[in-house]
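The following pair of complexes shares a single chain, chain A, combined with chain B in the former and chain C in the latter.
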Partner chain A sequence: MSPLNDDKDSITSSFYLTKQTSFRIAMKQRIGVYICHCGGNISDYVDVEQLSKLIANEDNVVISKDVMFACSDSTQKDMVQDINDQKLDAIVVASCTPKLHTHTFRNVAIRAGLNPYNYTQVNVREQCSWAHSDKPMDATIKAYGLIRAGINRVKYSEALENIEITAQKAVGVIGAGISGMRAAVDLARMGNHVYLIEKEANVGGRVAESGKLFMTGENGKDVIDRLYKRIKEIPEITVFTNANLDKVSGSIGDFTLEVSVKDEALKLNVGAVLVTTGFDFYQPKEGEYGYKLSDNVITLQQFNKLIETSNDKLVYNGNAIKSVAYIYCVGSRQSKGENKYCSRQCCSAAIHSSLNVHEKFSGVKAFHLYRDIRTYGKQELLYTESSRKGDIYIKYEEKEPPAVEVKNNKTVITVKDYLTYKKELSFDVDLVVLVTGMVPRSDSNDISSKLKIPTGSDRFFNEIHPKLKPVETVIKGVYIGGTCQGPKNITESVQSSLAAASKINTILRKGTLELEPIVARVNAETCLWCEKCAAVCEYDAIKPIESNGKMIAQVNTSTCVGCGICGPVCPSNSIEIVQFTDNEIESMIDGFMEKAEINTKQDSQENEISSGKQIKLNGFPKIWREIASALDDKTLTIPQLSEQLGVESNVLTWHLMTMNRYGVVEPAGLDEDEAYYMYKLKK
Partner chain B sequence: MSHINPDFADDITKFGAKDFNLCFNCGNCTAVCSLSTNDATFPREMIRYSTLGLEDEIKSSLKPWLCYYCGECSSDCPRQANPGELMMSLRRWLTATYDWTGLSGLLYKHMSVYIGGMIALLAAVVGFIYYSGLSKEVVMHYGHLFEMFAIAGVFAVILLPNIIRMWYFTVIKPKVKAPIKVYFKALSELFVHMFTQKRFLGCEDTKENRTRWLLHFILVLSYLSLLFTTVFLDWFSTSSTFVIWLGYVESAAIFIITTVFMSMRVRKTDAMHKHSQPSDWFFVIWLFLMGITSFAVRLLIDLNLINTLFWVFTIHFTVLVQWALIIVPFGKWTHFLYRSFAMYFERIIGLNNQLKK
Partner chain C sequence: MPENISNKYDAVVIGGGIAGQETALNLADMDYKVLLVEKELSIGGKMIQLSKVFPTLDCAACITTPKMSETARHPNITLMLNTDVIETVKTNGHFDITLNIRPRYVDEALCTGCQQCEWVCPKVVEDSYNSNMVGRKAISIPFSLANPKIAAIDMEQCLHCKKCEKVCVPKAIDYNMQPKRVNVEATSVIVSTGFNLFKPKNKPQYGYGKYPNVIDAMQMDRLIAPTRPYNSLLRPGDGKVPDNIAYILCTGSRDSSIENAMGCSAECSNNPICSQICCMYSIKQAQLLMGALPLADITIYYMDIRAFGKGYEEFYQQAKSMGVNFIKGKVAKVTPKEDNSGNLILRYEDVATGKLKEVKHDLVVLSVGVLPNSGIVKTFTNQKLELDDQRFIKQVDELVSPSLTSIEGVFVAGTAAGPKDIPDSILSAGSAASEAASYIKRFSN
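Let's look at the complex of A and B:
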């Protein structure tokens, strides 16, 4: 049973009232405030104890405590106890960033039977003690303001319930390359229906076009054939080829994909969408390393076809090929061009092709003109093998690229080799192979506009976070896998699409979805449907609806992300974001701006040091004076100070750095063993 | 502008180099080498030239001779590209390149030619001794004459022209125009290095290196003085007790030290002795045979047994002829000259540069 609905009705009614008569919301009357020392991280600078005494006098605050670690188990238990004993209706925790512990304290509230949204976190560590370690008193004043703002905000906090929506157990996979195909298999096996939508006449994409693959030595076509055979045996997967994605509507759990297959128009209802649309190979411009100017300049893809179709002898245009120059980073890592990124797989692909040549034909010399060899992981074996086979590696720099010229029917390469002290080398070859990188597909704009997936500066589709949310997009329910996201090799492409498949399954498997209720909300009485909010909404979350005989805006709570862009454009102030209402924001400002009367003279006595010097460390942490006394006429290392003061060395390091920054101490060279820096007082 | 020759790698491999193409130019060899200088090109530059097959650059370089193969670079190479062995192979390649007859290259690359030459000389010596009808005294006298004429002939016809070629490749062609006084000023370098291997002392100061230097030093001195003792003091015919004992000590030193060197090659004790080529074996074995057979011949003379055991002299004479006509002009013996002259030329180039400034 959810504990979230204690005064839902009063909130709804009060919301409408606030707009006209204001402040008639059920204000929280019994608030608990906890101010955290963070083991000194906060309390060394912010006068936590004084603050907790001052806060105790605030209106509606029932409990005000300073605690060593608010996030510790024992403090959490105390909070639950307080909420129950004192019948608290809201809590404020002043500690670190909400990114760390919002959910920790929301759970404290839930355990105590309080609505988790009647909780506010105030960041007095990153925003006060860490940012203003040089001015502890100012840090304390700022913390005071922020905590008061937090208290004012929580007074207006509403008890909210998570939004629950039904989810279709079906997934649309856009693009039937190896990533999409492999993900489709897993999604189907996890009990979802999969619509695999492919633009081309055949499935398999780029992998079906590649020849021998590294590690296993299999042919790309064979791998695809095997996978496709498996797909055809799974009834839950419906494959559409020659299909075009026309339109996407709906939101997470309930998307409608309008797809046309030849002349037939289909509407597919899915709970989530996986985009695996892949990439295009970079097409060299005319004249780029002699491309199209000389017949003997081709791309790696063309060369791979040549290797595959040649037997016994490597022959191109009727000429036997005895020497090949591979030019790397064509269309990648352009510091001034469009593609600044490294395409990741091309070094390995080129070296693999060179090894394939050695295996199939004898006596072909290979020259690799590279900028850096990036055969990461197991692909390093390829590089070693190729060096062993006598391939010659020549390093050029972007600012001095190799020149390809045709002289007397010979293709001549001139290059400055950075490994040979920029010596200018020249040699002729029978064939020049341009190792081209990956670029976003030419139709990726079309896909991204239909699904509203943001793209990065590299024009590939963007994930939310490269490490923590690597396959999720900001559009809920739309996931990305494979190379539509950025250059990847086959292994990595399949890994990412399978990661997306399992993410999709976690949201669809229950059949229902829970979303945070921090979304836009419309005042039905004042809204006049001027469409301004709908026009600015980037998520298509606002649609008109008839209510009491007039048109008003309606927010689709499953699509809305609570970004707040609609609020400022509303001429009648009829739309706002839950938890960020005008009442809350305005009262926060009032709280912050209220005059702070803090006793700043508590540390008034100057610290007299034995030698008679006076060190003015008023308003600095107490430990600074202890360090200063210890360093009086002495130079000490951090371990020595640590022993003398009984303070941990990492804490001392932190303080010494700051003291150095503010000219209280300075380094005095290394100690005798040259193991530690010594510090002394700055004269 | 330099022209790449990818076939050079195959060529240099025949001189003993292997795996050097694995080099990815990290510079560890340069970092660990005690002889590398501030421009940080030694020995890495040579490896790069070999990979690209820049023959002109290698031909005009003295650097291969500046390396004493302590083996640090090979043991510290993260790619096992064996830079030390490449430098050794380049010395062999340079020896072949300096040799105007082209025989050096042939002997380095084809062991069959080497063995064929050795057998032909064996047949000639045995034929001369047993079918010419000359008396044993006359044969021994001719042996002494041969020694003198061989030294003069080989030097005049093969070694001197080769050193001039070396000078042309490394000094004249790179357009080092040093005045004559620089040639005189640098001359001391030639003799110091010829007799002492002074530069080797600049390598990492380890017990192995010190021992190797000392053994090599004694061997060079013993070899040169034995040459002097037999040719000019006529060791085999002299009646001077001092000269007789001197010859014994010198020849004994040669066969004892070469025995140590051979055992190091068999046991592969260090990087330098891990990759023995036929030319290395011929050199050390024949030097050993030279020492032990001359010792034995003089001993038999002293015991008055030389006439009954004349075959011992036959062996000695055969070894001497093979040594003087194959190993000295075309084999590893030449490193004695080229290395010293490399120091000399390097000094000339250095002094000339100073002069220009």
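Let's look at the complex of A and C:
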């Protein structure tokens, strides 16, 4: 029992006697509970079958089932049918994290005519079976508690309607590199106004600074010129250069971007924001592979400029360059350093530069000092071509990196080559090119704090999920594309920003959008407008309003994210989060703390005894009947059966497993050596 | 289903794998009418066969089944399954597409997917969903997570014993069902036909098809999956719990020495490019195997480890620290150990020492590569849908507009344009949807 329990009724009664919630929540009486096996992810550790039987005895629970995949289409159909047939007024699904399937089951409720907010998801996978895979018994007890908590919560659940708001059909795109420019084009073509905001004096970002690009051989500047020409032809795109994003306020559908362009301050009203701010190149530290200690050590970007600007001969600092050593993974894949990640595009970029050298100048020898060559996909053809041209590849390991020293005016490289049994090689080259990786932009903290975008352990901006929501951030209406999210090549950057453009268009296309009603709610009677809630609100969502002759707090429901920070600071307990009310939370604690009596798995399986009934296999393959009669009342392994029947063991495996699948045989534990399963006839 | 739907669509998406679903959903969410054509009996593509997916180790079903569900149920999406594209003709700026719906011999509207027919059917056939490692019945649902979950009869294998007809309560079995031609009109076409896996028999020195304990990586993914074919993780040769597993990376990728490459069909030709996914799926499987078989030794024989995506390098380092053994060396040959144990001998050159070595393993997994699946180009008759040198759909403006093809109004999504992992396929699908939506909008204005 919760110590707060005694006070609960008094708080509740005063709380709900307000205008907006003048009703008492009718407790849900007919609850359906579904516990998911998740194909073993849950049921391998949590005894879901037993739990579903126990849960069936809970108050107000009408149906309790365990299901293989709650999210599968057939189970969803069953749920809809159960809700209709059994007149359920609430459902609980105990499966994985609500991050994955909240909408899946809300939609089930909607299809069955149930309010989607009369459903509660209980996480018994990430927060239970996976976390406690070493203690199945305890995992089962915990899952029992979590499910009971979920049931108690859903009893207090309210039927809610989504909040509909106006969405500005305009998008702010931050950063006019190739990703931002390309997304701007499609966003405009799909019917949105676009404000393309660029910090620098020119559009085009890193691509505009690049020479010849790998895969197509186009020149970076030409690509940007072509794209910019297209942008200028589209009246719905407004480009601001020399523009600085000062402040962002508002929320999905209605953001205000305060932008200063030179001396002018602008306020742009947009429905969504796409962040395509790009990356910085890693800057080698002084002394890193001789950088800044020797004039002959430069980065790949400097080298590309040199290739671009040299004619006839490759000359650096007045010296003809006849040999180049490329050192890969500079600033990337640092297992002990801060950049643990691979920068993805540098292998191809460096090899492509080497090919450009061969194309433009003759007689330049190339040494590639690499860890793994990552020319994935069709980029492999660059690597093949470079090898064919006679480039020399030397593999080093992170623990034994190459040394670059200046000896007698020569730049000498010493390295252990893992391709020739760690033989130590020492040779001098005219130029050392450091193949540097990508790092988050130096101003990315500024952007992330203005837009509240979280960053990952690699310090790049983070998506919600790489497969489910790859361009969405936790801030509704704020999307990311291109390399601000992590290293990418040009095609990949454009693909991600266009994917974001698609998602943005799906939310803005109607001019209105629906938001979840899980926001703060104020009790107008008890609120005294002490301003404490407004002071802690990070989203600027609480403002005063006059009501019945006094000032009270009012929540902007499209700005409020339902974070709940306002609740605890309120001295009169007058603000609460819908779906997270005191009633709900306290009843969850009560449910979780209730005593749990669970049988161990062995006990519950005790009464499973084979009946020895004859299995009818008429018309089935002959080998099935032979296997069945060989097993009869014995348990045998596949090699034993194979020998007995004179059938090849792989053929026997195939048939036995098919018989297992169709319930003719079943496994009966491992043999003594724990190498083979034994099998017996099923009932 | 098809008959009561209009035959005009804003977009026809060909191929219902993850890229096709994602493209269709994006367009449908923008209120465009989409027809999704799938040649198999269920949508889901390759991804629905997988166990878990890198680098997050989410179970593939957890990502895919909701997406399949959403696709199947979206009011703006019409599904056509078991359907082939016969011809696509571009006229007056739109596409006339002829489709052939093959009969499944089970009425989709009546079948409940109860599987009673499957249980009584006496005819056992190969289960392709499980890479033929187990049998299913001549009448069966395509697989447990299929969408729609409706039975179908493999008529070539059917014994016509009529047992299924007798047990079917809703009377859904129809042995006389005929193929059906459908003509539709579309403003745009999205090609998301995916890829083929390299057939490891075309690398005969690795013994696939000859030695039952040499399997390909898709078979291993099935063995690890929650919907796996066996009761546990066992080798197919004799049901032994494996304890010393080898991976041979780059099987059929980065390889210009594939035998019989000249003059044979696409499936056994040389494949000079990298397949982009095999390093990572092998590392993923290795991590999952470490969990499933804590005592097993796992060795990955590789040329380069290409862990290039977000979080991939970290995932690779994690596998190393878990104890997965990585050996740089190309395997020359796999032979059986001559003691009838079913074990195998790998002969390889260990690059680190320069020595030729022979090592015993009890299960060998071939990390097979990605090959194009672009037969669809033949159905574009009056304009040419071009292929690139590797026979993937050609991206005519790869850097700036990666989904554009040689025909205006036809877009490419996912691995139809080249090898991609799942996150990249999904992004490419989003990008194709953006291009297609922009095109449709211009066209309809």
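FYI, the second predicted complex is superposed on the first by the 399 of 683 C-alpha atoms of A that agree within 3 Å, B and C clash if a C-alpha of one lies under 4 Å from a C-alpha of the other, contacts with A are read in each partner's own complex, and residues count from 1 in each chain.
Keep in mind that, in the parts below, a contact is a pair of C-beta atoms (placed from the backbone, for glycine too) under 8 Å apart; a residue touches a chain by one contact, two chains touch by 3 or more.
Everything quoted here is computed from the prediction, not taken from an experiment.
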{"item": "Contacts of A:T384 with chain B and chain C, given as first, second, both or neither", "value": "both"}
{"item": "Chain B versus chain C as contact partner of A:S496, first or second or both or neither", "value": "second"}
{"item": "Contacts of A:I589 with chain B and chain C, given as first, second, both or neither", "value": "neither"}
{"item": "Chain B versus chain C as contact partner of A:A265, first or second or both or neither", "value": "neither"}
{"item": "Residue contacts on chain A - larger count, chain B or chain C", "value": "C"}
{"item": "First (chain B), second (chain C), both or neither touched by A:Y421", "value": "both"}
{"item": "Touching partner for A:G40 - first (chain B), second (chain C), both, neither", "value": "second"}
{"item": "Which superposed partner A:L528 touches (first chain B, second chain C, both, neither)", "value": "neither"}
{"item": "Contacts on chain A seen with chain B and repeated with chain C across the two complexes", "value": "373, 384, 395, 419-421"}
{"item": "Chain A residues touching chain C - in the complex, by the definition given at the top", "value": "38-41, 68-69, 71-74, 76, 96, 100-101, 103-104, 107, 178, 182-183, 185-186, 189-191, 213, 215-216, 218, 223, 226-227, 333, 335, 340-342, 344, 372-381, 384, 395, 418-422, 456-458, 460, 465-468, 470-471, 485-487, 490-492, 494-496, 498-503, 505-506, 509, 617-621, 624, 637-639, 642, 649-650, 652-658, 660-663, 666-667, 670, 674-677"}
{"item": "Footprint of chain A on chain C - complex, ascending", "value": "26, 29-31, 53, 55-56, 58-59, 61-63, 65-66, 68-69, 72-73, 113, 118-119, 122, 124, 133-137, 144-145, 147-149, 159, 161, 163, 212, 225-227, 229-232, 234, 236-241, 243, 254, 272-276, 304-314, 317, 328, 342, 351-354, 388, 390, 395, 398-403, 418-420, 422-424, 426-431, 433-435, 437-438, 441-442"}
{"item": "Complex contact set, residues of chain B against chain A", "value": "1-4, 6, 9-10, 19, 21-25, 41, 45, 48-49, 51-52, 54, 79"}
{"item": "Chain A to chain B touching residues, read off their complex", "value": "323, 365, 367, 373, 384, 387-388, 390-395, 414, 417, 419-421, 423-427"}
